[in-house]
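By letter and in written order, the chains are A, B, C and D; residue numbering begins at 1 in each of them.
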């Protein structure tokens, strides 16, 4: 993923794990409203539309799968057509693809560019400095990742005053430091300033143009466009979301259920579902499972206010993932009543909702009563997370046998 | 006398009339916190558990001489609430609210820094000083015992887990600071370390970190050269896969820094033992104390 | 003028003399795009349109002359109609009016409001602090001027961080300081924040809502709207100007000519036209004329690069004002050649373009040659501005005789 | 050794390749100004009257160690040019450009203040120190003679008028500062007064003001209490009608301050004589010197 490149570049991770990712064509629609120079072209949802787009462009085109991953090039999702007929045929192939296990629902048909140079331009949040950082390199394209390792000096970084704006002179200095001269300094600076305006306006966490093409006739054109928006700021961008007419993130059924409940849900390769409250505690629980030789299938952070109902909901969602062979519930509660939770779990088990072994560890009111209820129902209730982790690993192994 | 919060703190609750604000005002009062005023625009004259409510921080400061603030205002308005507290020179300013937009966070963080104010959070459980019976936060107070160990953490419930383990082992806490789970937070680990290393009532430190960012690496490097007090660390996320969402923002792993391995190596390089499991923290503390 | 009120309030003059003033209905169109609460209604250019607007409003209306002056109320430019027919009749009357010597070309037909309180809200540039200042008072409307004198404490002022923004809490503090309580604090603060967004977006020098009405049913509505935009920033607002389809300022023929030449031109009550380069020098020249008993008809600052051609142009424009009985040209030149200017003036005089006495005082190259040429043509060329002022006063008096 | 500009100044011309920039670079070089670099983005490698041109202020500073800047950049870009000079710690920064948007002016003024940099203008004729043969501006150099009087003015040509009168009366100038004709300018009258009052080569001051603003009133009040050096003032606009546009922004009259009468009264209250006509300035100086 291109994100990974930037992270390598910065040698820092991103500020913010949660962002709404826009498709290239959606990002470019926003770019367009800010006057960003773009290749001719447009989005298509069917091969026929792709043909129409190619006719409109009137020259050889690139046909590009719209996918929220940086690997589409390697996956064969970007191809070139000399005629509208070819474009239609390619579109048919590409629309039948799955990239990273997600179907390709749309394609972007754009003029094929005559390339003099591939450049990298991006802005993201530097969580360590707690500032936006503008990143540019005269050597963009697929080689940026390599460049970050071999010649980090060729990657120009500049932080933006967190109480101010990216200034025009700063944008020019970036262009100069990237090695540009003459009129290209102002052109490229203008492009960075537009990118900054987009970042400010749309609460952007990461935007990238990679590659930014310098054409053989000396124009800068954004050949690709990546735009991730801070999920926490979506309330400021209701119009954008309405206009998109799609979910803000691409999710499977289980992820959707968890999101709807305000829970964080990640599927992993193992077989033990860890259901906890708090991301740190959940990670520590995964780590503990690993120490005792197990492997997690599920990271499920119930979030704030974990009560009986929420624990049950979490177990229900976790059960829908077919890799799950055992469940570990680890709740660090305060006022949560353990007997309530125990009763809920027992009733779910009796209804047949829980078909794999389940271990509970919980801190809260009425711990002893909760323990009694669960033990009676044959569900282990343990007092430390180490014991619980050890137990669940054993139970999962039992399921394998 | 611990750090950030003590018996002389006069605490303002911003957003006191909201459900979270009201609930935790009660809990803080019950614990013993010196809450002297609340604030919700338009609610001047109301009372919440006997605490008078004002329309603005300025009013609350004028009338009740508040010195610190805890913020329960909803995310879209939390940044503004923090700016209001900072403008009134309240210190610390504890932002409990989660899901604050990162642009707002970055602005507020740097405004606070420019004024030398400690902003804690956002997305923090808050601060607790058990010896002074002062809790400016949402943590269950009973799991924190009074003592001489400074605890700082980027995590919420994991902190309670570790604190409970310490309490069971009869190890008490001078002050516990929840630094906040968001990638961009005000008070950083290194700043918390500095505070504890200057606090004469803190004899040792516990650092609870998680993957993402370089806050722990920076703190470890600083401690290697500048801090004599013994310390123990714990890092969550050793088994987190790279680049996966792990519930909140601190939990992305990427690059060569930010990994659990990098953080653990940094602590070990600074001579700071790192626990494998939360329960190891109390055990390691017993060894070094 | 309402401006004068604000100036009195601040006890400071404005930053910036030059601004494009928007008509109330134009200002309200901008207000609307920022979600500012406005009375129902719309603009009309004919009595028939006014009737249509009144029907659309569907209740008693105010019919308001659109004029760039605060005196329209006293001039009878704001009247009330109970029926569309009445509105049409009133519109006919008002469209036939002249206010401050300018024709009324359009009217705004708006619902008549049920008033609980009249409030003042505005933002302008405080030139002394070199910051924007937000101004509010719970006592708005026509009495604000009086209030500024009698109870300046009732007028709330708050400067905006010149490197930042008006913050929501600051807007609330203004509302609180103005004396509002309960939900009105947030409503009014929101209104100030919108006003601030408009100021930032449109390079506003002055915006006012006076009165801002608190209706009997508890809503805030902008009953009037004033918006003056920094002329120097109009290059950032080309779209706005295009959409307006009118000149950016209302000017008479002579003012237009001067503006087209980049000269500053103000008509006064006296009979001596003072044509100089530089505003300070022009003012000092007016003052000198006054010291010797004369009175200026014209302030004409030629601006930068005063050469022979520019001086001639200035004289031509000045001659078009029928009050002018004598002209004083006072140029502090550097490289300007006095002989060139002299030749130009003499030729203009011979062509009959200059029909009143003219005095020239100029500092520059070839002063003696210029003096010779003018003296030969019977035009006094003097070496000090005091002599020149004295001379022109005598000549203007001669014209009176 | 005068103020703001002296023989050690190394001057950068921003916008040197524009017609104004080129023209006045020649005029400044002819006068003797130590112009060592020019700057126009994209023109690196060019020369203007032998002065090397750079793409950025940073480059010019690195290569030619510039210390001060004069800006001829068109109004839409002048604010940015000033920010660039300020970021490079050039001091003073003289903004000749007129018609700079007031929002840009306000921002730049406060950025410069925060860094303690003297920004002169916008809309100023610049600064001239005749004794050092240094002119960082567009004024006709020959009307300013070397001497001991500090001259500060919000006006352009009126300053030349008064300077010429002084020269004719054999009264020379230490430094003349055009403060700029816009309502919002960087260096204010009171700041210029402070500079001159601390300058040992300045024995007396001339303040040329005009209607609008309270810069003169503030300066007069300061001088009454803090300045011993003799001074003379002149105010243009006694006969300007209230509220009328008078050519540039400083010339609006309104309120009770800002009038010529108020300014004259303030000076008289401070014991500073005020001339009725520009020529009175030299006469009054003769009396007090």
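Observations
Assume a residue touches a chain if its C-beta (ideal position, glycine included) is under 8 Å from a C-beta of that chain, and two chains touch if they have at least 3 such contacts.
Remember, predicted model here, so these are calculated numbers, not experimental data.
In terms of C-beta pairs in contact, C-D outnumbers the other of C-D and A-D. For subunit D, the chain whose average C-alpha position is most distant is A. Inter-chain spacing, taken between the CA centroids of subunit C and subunit D, is 28 Å.
One simple way to say how far apart two chains are is to compare their mean CA positions; for subunit B and subunit C this gives 55 Å. Inter-chain spacing, taken between the CA centroids of subunit B and subunit D, is 52 Å.
Residues of subunit B in contact with at least two other chains: none. For subunit C, residues touching at least two other chains, in rising order: 163. Residues 41-42, 44, 55-59, 77, 80-81, 83-84, 87 of subunit B are the ones that touch subunit C when the two sit in their complex. Residues of subunit C that touch subunit D in their complex: 1, 3-4, 7-8, 10-18, 125, 127-128, 130-132, 162-163, 200, 203, 205, 230-233, 235-236, 264, 266, 268, 276-284, 286-291, 296, 299, 301, 303-304, 332, 334-335, 363, 384-386.
Touching subunit A in their complex are the following residues of subunit B: 75-76, 98-107, 109-111, 114, 139-140, 153-161, 164, 181-184, 208, 210-215, 218, 234, 236-241, 243-258, 276-279. Of all residues in subunit C, only 167-169, 172-173, 176, 181-186, 189 touch subunit B in the complex they form. For subunit C in complex with subunit A, the touching residues are 163-164.
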